[in-house]
Every structure is written in C-alpha cells, then in structure tokens.
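See below for the structure under consideration.
Naming follows writing order (A, B and C), and every chain is counted from residue 1.
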Amino acid sequence: MTSTQGRVENRQPGYVPADNSQPPSRRFRFNEWLDGHARQLFITPAVVMILIFSIFPLVASLIIAFSRVRLKAGGYQVRFVGFKNFSKQIFGSEQFHFLGTFTTLTFLGWVVALSASAAILWWMYRYITTGFSIIGFIGRMITAIVGLGIAWMFAGTFFSGNPFGTLGVTLFYVFVGCGVQFIIGLGLAFLCSQPIRGRNFFRVAFFIPMMITPIGVGYVFRMMADTTKGPFSPAWQWFGLNDFAWAANPWTARIFIIIGDSWQWIPFIFIILLAAFENIPRDYVEAGQMDGASNWQIFREISWPQVMPVAVTVMLIRVIEGFKIVDLPNIMTSGGPGIATESMSLHSFFAWRSLDLGQSAAIAYLLLFVTVVICVSFFNLIVVNRMRRI
Amino acid sequence: MKSTCKSLLAGVAAAAVLGTATPTFAGEFDGVTISILTRPGPVIAGRLVDRGKEFTEMTGAEIRVNEVPFAEIFQKLLTDWATGTNSIDVGVFASGWAVELVDGGLVENLDPYIAKDDKIDIDDIAPYFREFNQKIGGNTYLITVDGDFQMLYYRRDILEKIGMEPPKDWDDYMKVAEAMNGMDMNGDGEADYGSCIFKKRNAQSYFAIGSIAAGFTQTKGTGEGLWFDTETMKPKINNAGWAEAFRVYKETGKYGPTDELNQDIGDTRALVQAGRCGLVIDWGDIGPLSIDESGAAIRDKMGAVIMPGSRKVLNPATGELQQCDADLCPHATDGVNHAPYAAFGGWAGAVNAKADQKVKDASYAFLSYMNQAEQSNVDVTLGWTGYNPYRNSQLNDTSKWIEAGFSPEFADNYLGAIKDSLNHPNMASDVRIPGAQQYTGVVLDRELARFLAGEITAEQALANIEAGWEEITDDFGRDTQKQMYKLSLGITN
Amino acid sequence: MSNVSKVPRRSLFDRLFEPPRIGAMAPGAKIIVYTLLLAWSAFVLFPIYWLLITSVKTAADVNAGPFFIPFVDFTPSLHAWRELFIVDYADTLRAYVNSLIISLAATALAVLVGSMAAYALARIRYQPNLITILIFILTMTAALFAVFSYGVDWRIVLVVGVGIFYFFSKAVASRVKVPLANGDILFWMISQRILAPIVVVVPIYMMFQSVRMLDTHLAIILTYAVVNLPIVIWLMYDFFNSIPKDLEESAQLDGATMIMTFREVVLPLSRAGLAATTLLVMILCWNEYLLALFLSTAKAQTMPILVAAMNAGERGILWWSMSVVIIVMIIPVVFMAIVLQRYISKGVLLGAVKG
C-alpha cells in the first residue's frame, strides 16, 4: 500500500503535552511510536478483522462450493467436483427445490415471459443508443441477464401453475414483504409526525418489536396463528374457517410469515422515517396550509421530497437484510407446506444440517450473487438516478 | 400374552432383588465433570438432570446437561466429536444415529465396562433393545434409557359408544376415524377429530410414514429389511406398497385437525391430552401421559393396540399389491400383516471415545445408573420423562404402573400392546446405517412434505426419493452401506 | 385566527377536515390519525400482552384453548418462572451471563474498532493499490485451495503464501499502481453487510475448530463484532463527517496527537452517535441466533438458543417457559435503551441514512 501526505502530518512532532510531566521514558517512546503510526493504527484492526472473518471465509466458502466435503474422524475430507453443486441447483436433481418445477409454459406464462423479455431488451437497447460506457454496459448486462432469468423462472413456475422454489420464495419475501413494510412504516411515521398528543408513547410502543429476538418473534407468531388454541381461534371459527388451515396452503403460509416479519421490521423503517419527517421544518408545512393545500398535496409536494432520499436508503438496508430471512420460516413452518415457505438461507441451512456442506455453500453463493446483483442494480439504477433528479 | 407374563415372573423377581441393591461407588469420581448433550426440555433431559444430582451426591461426578434443538443434536455431536472439539462427553440421542459415529471410531465400546458392571443386569433388557438397539456390529456402544416404537392408541370410551373394534388394518382405521370424526370427545361442545397423526415438515413425520408403510411392504420378518434390498442396496421404496402408504397417510388428514400439516408430535400430543383425538399413532408415551395431571381429560379412557397392518401387501415378484396368503405373509394374524416399526429406536447414551479414561468411567457409570431397573422402572412410568419401557421387568410387572396411577385394566392393555409389538417376528427396523438422517430426515421427509402439500403425486415423490437415496448410497459407498445395512438387520428376535 | 370563522357556510365534511388554525389538525383528520395509531398499537402490543399472560399459564391453560384475562379466565401460576429461576436457575443463569458477556464485549469491540476506522476514513486520505489487493486475494485463494483440496499443511502454505505475496507486491505492485480512494474502502467495508451469515459461517466454524476455539466466548464475540462492524463504520463515518473540523484542528495546533484528539475531542462530541450505534449493535448481538447455534455447543450457549430449546419436540413447545425466556430477554434491551436514550438525539440514524 502506498501512502500520501495526510492531515495528520500537520501536527508538531516532539511536543509533550502539559499534563505529561514525566521525563521522556519508555512509555513516552511508545506513545511517540503510536503517534507516528496512527494512520495505520486507526484502520488496521478493522481491515484485519474483515479480512479474517469475512474475506477469508468468503474465499473458503467458494472453494467448498466447488467441492464435496465430508466429516471424518479428526477433520474434513474435501474433494473437488467442479460446478456440480451449482448445476444440480439450476439444471439437476435440486432444480425443483431452488428454481421450481417446470412443465410446459401456459399461455399466461408465455405472455409474462415474452413481455418481460421485451421490456428488458428495450431497456438495454435504449441504454446502448443513448449513452454508453464499458462498465455501465457490463453492469446492465448482468442485471438484464439476472432479470431475464428471474422473469422466465416465474413465468415457467408461478404463471404456469407450478410451485416455485426457494429463489422465488426469497424474492417474494423481499419484494412483497419489504414493500408492505415500507408502506406501513411510512404511513405510521407520517401519522406520528402530526401534531398530536401521546407521540412519545407511540414512538416507544412501535419500537418494541425490534427488541425481540427474531426466533422469539417466530414462536410468538406461531402462537398468534394457531387456529385451535391461539388467541384468534374463536374469531377464526366464527368466520367459519374451521376447515381452513393457513399452514397447509402455500400462499397463506407465506403471508403469515410476512406478517411476522413485518411486525418485527416495520419499527426500523418507522423510527428512521419518523426522524426524517420531524426534520422537515414546520414552516414549510404551515406555509403549505396557508396556501390552502390539501393534506395530500402537502404530503406529496412538501414532505415526500424531503423524506425521499432517506426512504430510498432505508429500503436499501431493509432489502439487504430481507434477503437473509431464515428464523421466521424455520420456526413458523419449517419451510412447509412442502417447500413453499423455504427461503434460500433456510435452504442452505437445511443442507448444512444434513452435512452436505458443498451444496450448502453453493446455495449460499447463489444467494450472495442474487443479493449483490439486485442491491447494486437498485442502488445504481434507482437511488443514484433519483438523487440526480432532485 | 398372559402366559408370557407368568413365565417371565422370574424377571420380576430379579428386578425386585436389584431394587434393594444400592450403588457403592461413593466419592469415586470427585472432580469429574460429565458434559451431556441431548434434546431440550423436561423430556429426556429433565430426568438426566434429576438423576444427575443423585449421581453427584453418590459419586462426586458433576453432571452437566446441555440441550440443543432436536434437529441439531446429531449434527452438533458429529461435528463436536469428529473435529476433535470434544466439549461433549456423552451424547444421548436416537440409537439409530450411532452407526455413523461408530463408523468413524468416535464412540467407546462399552462391552468391557458392562462386563465389570454387576448392577446393570443386562439380561433384563428386552432382547430387541439389548441385541439390536444397543449393539452395532456385535459390540455394545449404547446404553438404552428409553425404548421406542410406535403403536396405535384409541379412545376406549368413544369406541364403546359407537360399538366398534380397535382397527386392525388401515381400512378399519379409516372407518373408525370417519365414525369418530366430528364427535365431541371431551365435553367442551366442540367437534373433535377422528385421527391425529403429526405431519409437519422437518419434524418426525417420516417415522409415521414408516409405521404405515411397513405393514404394506415388509412381510418376511425383521431380516427382510424395510428400506433397502439387502443384496443390491437398491431402495425398496418406489413401489405400490409405499405409494399406498403415502395415500393412507394423506387420507388420515381428512379426519384430523385442519392444520395438521403444521403439527409436530408435540402438537398432536397436546390435542390427545386435551381429549380431542379418537385415534392416535404415537410412541409409548401416551400411556404415562394419560395418567399425568395434564392429561386429566383422557385418564383411563385410552386403549393401546399393535400398529395396524394390511390385508393387501406388496408382492416383490410382481410389484403389485396382493391379498395376504400363507406364502406371502408368513407372520400374518387373521390375514393381516403387521409390521410394528421401531421408529427412532429409543434414546440411548453413547460415550465419546476421546474423553479421558476417568471421564469415560464416570460416564458409563452414570448411563448404567440411568439404565438400572431401580431407577428406570420408576422413570418409565412417569409421562413427563419421555422414557418408555425397555426392560422385561418393566413390561411384566404391572405393580409399578398401577402405583404410578394406571388402572389395572389399562396397565394390562398398554403393556400387552407393547409386548405384542416388541415380540413380533416381523418387527420393522429403522434405518441404521451411515447417512441415516439424510435418507429419512432429509430426502424422505422433504418429498413426503411435498406430497402432503399437494405439490407432487405419490409416484413422483417415491421416484424422487429413490433417486435421492441412490445418490446418498453412492456417496457413502454402495458396498460399505450394504455391509452396514446387513449388519443392522443381522440380529432379530 | 380560525379559518372556519372567516367562511360562514361550510358542509360538515369540510369542517371536519379543515384545520382550526395553521399548525393544528382538523378534527376529522385527528380522529382518523388516532384510530390508525391506536389500531397499530394494538397490533404491536397484543402479541406482547399474550407473551406476558402465557408466561403465567399452565400447560392445561394453554392447551385447552385461548384464555385472555388472568384471574377471570384462568388462574395465573408462576410455575414457569419458578422452574427457570429456582429449579433450573443454573442453566438459565449460565445462558444469561453468556449472552451478557458476549453481546457487551462484541458491541464494545465493534464500536471501538469500527469508530476508529470510520474516523480514519473521515479524516485521513488513504490510497491503497488495487493491484496489491488483487495479488493478496489471488494468493489467498490459491493457499486455501491447496489446504482444503490437496491437504497441504497450513503452516507450510502460510509461509509460502506470505513469501509469494511479498515478492509479487514488491515486483509488480510497486510498478503498476491503480490507486483506490477512501470511498472505495468505505464501500468495501460497508458492503460486507450484504453477506448473509450462512455464506461465511461454515468456514468460520472450520476456522475456530482448527484452533480449538469452538464453543468459547471469544469465538462468538469476534464473529459478532465483525458482522456488525459495517454498521458501526457506516453510522459513525457520517457522524464524524458532520462534526466540524475546527475543534480538532485547534487541538492539533495545540500539539495534541491524533490519538489524543480522537479520545479527548472527537469521542465526547460524538456521544449521541456512539449511543445510537451501541444500542443498535447491542440489540443485534443480543438477539442473534444462527451464528450462535453454529459456534456454541455447551459452554457458550446464549439466550436465543435457550428460547429455541424450549421447543421440546415430542412434548410440544413449552409455551409458558418460552414466554418467560423471551420476556426476560427484552428487559436488558429496554434498560439499555432507557440508559442510552438521553444521548440519542433524534437525527443520529437519520444523518447516516441521508449519506
């Protein structure tokens, strides 16, 4: 690593602080040494920790993903198997589990697949004809390929009446779940920022779910959703739903998991957006009221532009965390019915539990790939774009 | 069965004598700490803690019980022992899982310890558990603390009310379940369920399906093997018998709670105890649970019987289901082929081969203490311990059970059903080879869950299982797997 | 001042949704706002109420169907509390102490290391060479591959690897320079948060296993600290950036070293940011389950593992005991929140997010 003049070089060397009345001693020399290396000292611990506990495992995990790993007495036995662990997920015996079950595309499937493809190709075409840079092109190519893959995956499974796999489930949790959480969180923050009494109470009460361990939240919502002895079972029966079990239907099971996840995570979005709303100078809003603007107009024209940059970043964080969802489906349904609620993290976790470390790592890597592509696309194509427009 | 009872009175006497003997190794293990890994909760672990305190007083060895979720136990233990972390000295887990650990040389051979032990009275342990559950390849690696196989329980009072007999085969089962379904069985004014069988994914539904399938596919005795062909190690799963079992399992759901797909065994047991189930498939636990304080609604109302079998069984030659005859089902009673399934095999303790000798001695002494008739004959009668009978003295002497709160009638009925199952020549054995957990707990469980959820047909599920199992077998090595499988079936009673 | 008085004839609807004065709310809007907020409060608080009453129910109370009000529907009993705190107090206490040690130490470590790095990135210009980094990653991949797939002794690989890295960084990297900026380092560090724990946990597990550190506090502390480092760096970077540099500059003119400036000037100024960050990291560490499940077996088990352990499989879930554990887990977090609250000004998290 190379170094340049930093601001720290401006200090006057050799100056002894007034309170340090000791003569130059070993301690002093040590302090001087520390000071001389402050540039490195400040950042090295973080770099070293990340190298050891993030980069090193990341590379090791990649190697495991290309291997067959077996536990043997006294350690591990690792055999290189190439892309087998990956191809199994995408084309082989685990395809149904990761991508979903494919039969022939129905008419609706074709419509969705072709229109999504057309939209993505049009978007690429427009990019190439308007502005062009190598890095931008490569980045958009990756986004387009992943987008096409996901579109065809949903077209072949969901839109053709087949169940989809853990990839689809994860995307469902992330986009539907985070979407719902954002809308509710935003709404609550807006309401709470109004001049009303008891704001502190609401602020504290709404924050509580974030303090509960996710695994606890899973169990709490299993209690809530119990149709025989849970608190809502009388209501459930009153509605004549005796013969309907949420856990036996893939969609209701997924929705229940999203409800639990939202209960826990809306507070996070709420608390930050509330701060953003409160940060808007009251004069702006009052000026709007003076001009006779309706509440909706005030929100749209005055509050939203102020809150938008924060909202986008909060969503980015939430989406990143959303991809990691594992505790709730694990506790509430164990991934059932069938594999309908299994997220990719859970898929990988189950593979680990059956000691299939290679597959576990391969799925984890696929998750990482999808997360990175989607988050980076979101950041570059939406956040940066929006920021520029404002 | 009564004659067997009498002929084995000697066993009772032996137990009574043992009951008076007191352990003598006081202070022997001062300063030793035994770290035990097992499943959480009062069940299984709770009694280890209680008895551990007694053991500490007697010998000075400290017992520390570590609890991890059920699904993590095997993984934790294997990695802890295989990688040499060795923070666990004793694992208490399903006896079937031990094969893989023994295969890796991680488990202490306990035969020398048993030879020196004059208190364990090894011959009192029922032959199935002694020769089969505790042993791998002829050596004893495990000490049983709980004997497990599945039975059918029914509500005696309800059955009498509707004038039906306990089901013998699955057709009967459906009829009885249908008749009972919707009745109010606990007097709370709500409709209750005809049948309760746990069906949750990643839980224990693969044990229930084993119990159902065994009656359709295993006919020639324990040695035939339920899971694989002993000659080729080909899975014996993609056939009409298993397909029928899958359909039966799904059909029982029609008479069960609506959210049965998300019910683990604990959930069904809670329903049983609340008096909401007419028919139940379960291990021995329901007996003691019915006399527990929490089971007041079903006290003296339960009956037990050997697992239902089938009149039509798989003919391996034709691959079709066929009516039972003397050739096809040599062990059938009244034309019904029963194959009681030793699901799980029971909780058993194994000692880490890498532990210090002193710790190993103490560990064995503790397991022996748990197993000895004086302790276990009391423990098995308590519902909350999760321990089910495995000693002759427990099965033949009803007095301890009556003392615990069983009615004499139910004690006879309950122990009779256990003995019927345990002594059955066609008892079906659990998968007891390396990768056992992957075969059943992962592949079978997942495909079964998808079938129950309606994602795939039974035939697709079975074809997927066959492919998945072949992959696992090839991965571990077909020949070694075949050897291990044969060994695991080698001894029958 | 009232708008309404100026316009005499208005429909009821208009009057309901017209603010009585600027800066206040219309009565109709107020009703809607309160209704929505109270409805949400009920949604948020009901599960917690249910936790509280479940913790004083017996098995029979739970299994026999829903009971809502203690003393009316059912008789509360403290049996679950007694069981966890009197009968099995040793196990509960062990997990509790483990959790406290681990989350406090991990939080302290993450906040210390992270805010140092954040400060450095906010105040010093770094220019690492991309080529050096590439050489480093390639060498590490080759080394790991040798160890895992060919079973070469890791000590040999370490020595050879360091040698190769040193040689190439001298030979190549000193000639070809592709300098990166602080923004790149920052992005690299923050992007570590994208990693789902499941991606890295198996190698981390193997790593601790090979140095015999599985099931120790230190292993979990280090892992938690690193997992949360990106959050600290991100939040604190923005916070440090928002502090005017004048104070530090004058301190440096007075001859204070960088370390002293950081300790005596910067940290006290950023108390609010530190408090918010500490609270957030503390909550995340305290509640983490998956990594703890991998890295602990017996001695280092934490509270979330204890929660999971209350699912007793065959005997169902011990809802009553589980509720007790969850409630007990919330208490220290609330306590922390109250203690740190006076340091947390409204805009701390906001500043970072606006970044």
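Some observations on this one:
Heads up, the rule we're going with is that a residue touches a chain if its C-beta (ideal position, glycine included) is under 8 Å from a C-beta of that chain, and two chains touch if they have at least 3 such contacts.
Bear in mind the structure is a predicted one, so any value in this text is a computation, not a measurement.
A comparison of the A-C and B-C interfaces places the larger number of contacting C-beta pairs at A-C. When every chain is reduced to the mean of its CA atoms, the largest separation from chain C belongs to B.
Rounded to whole angstrom units, the spacing between the C-alpha centres of chain B and chain C is 42.
Look at where the CA atoms of chain A average out and do the same for chain C: the two points lie 14 Å apart. Of all residues in chain B, those touching 2 or more other chains are 72, 79, 83-84, 203, 270-271, listed in ascending order. Shared contact sites, meaning residues of chain A that touch two or more other chains, fall at 76, 228-229, 352. Along chain C, residues 63-65, 308, 311, 317 each make contact with two or more other chains.
Chain C contributes residues 58-60, 63-65, 88, 91, 205, 209, 212, 214-215, 293, 297-299, 301, 305, 308-318 to its touches with chain B in the complex. Interface residues of chain B, counted against chain A in their complex, comprise 71-72, 75, 78-79, 81-84, 104-106, 200-203, 257-262, 270-271, 437-438, 441-442, 446, 449-450, 452-456, 464, 467-468, 471, 475. Residues of chain B touching chain C in their complex: 35, 37, 39-43, 49, 64-70, 72, 76, 79-80, 83-85, 87-88, 188, 203-204, 264-267, 269-271, 273-274, 283, 285, 293-294, 296, 384, 386. Contact residues of chain A toward chain B in the complex are 68, 71-76, 93, 97, 101, 163, 226-229, 242-248, 250, 253, 333-340, 350, 352-356. Chain A contributes residues 1-4, 6-8, 10-12, 15, 17, 31, 34-35, 38-39, 41-43, 45-47, 49-50, 52-64, 67, 76, 78-80, 187-188, 191-192, 194-196, 201-202, 205-216, 219-224, 228-234, 263, 271-272, 275-276, 278-279, 282, 285-286, 289-290, 295, 309-310, 313-314, 317, 320, 323-324, 326-327, 345, 348-349, 352, 357, 360-361, 364-365, 367-368, 371-372, 375 to its touches with chain C in the complex.
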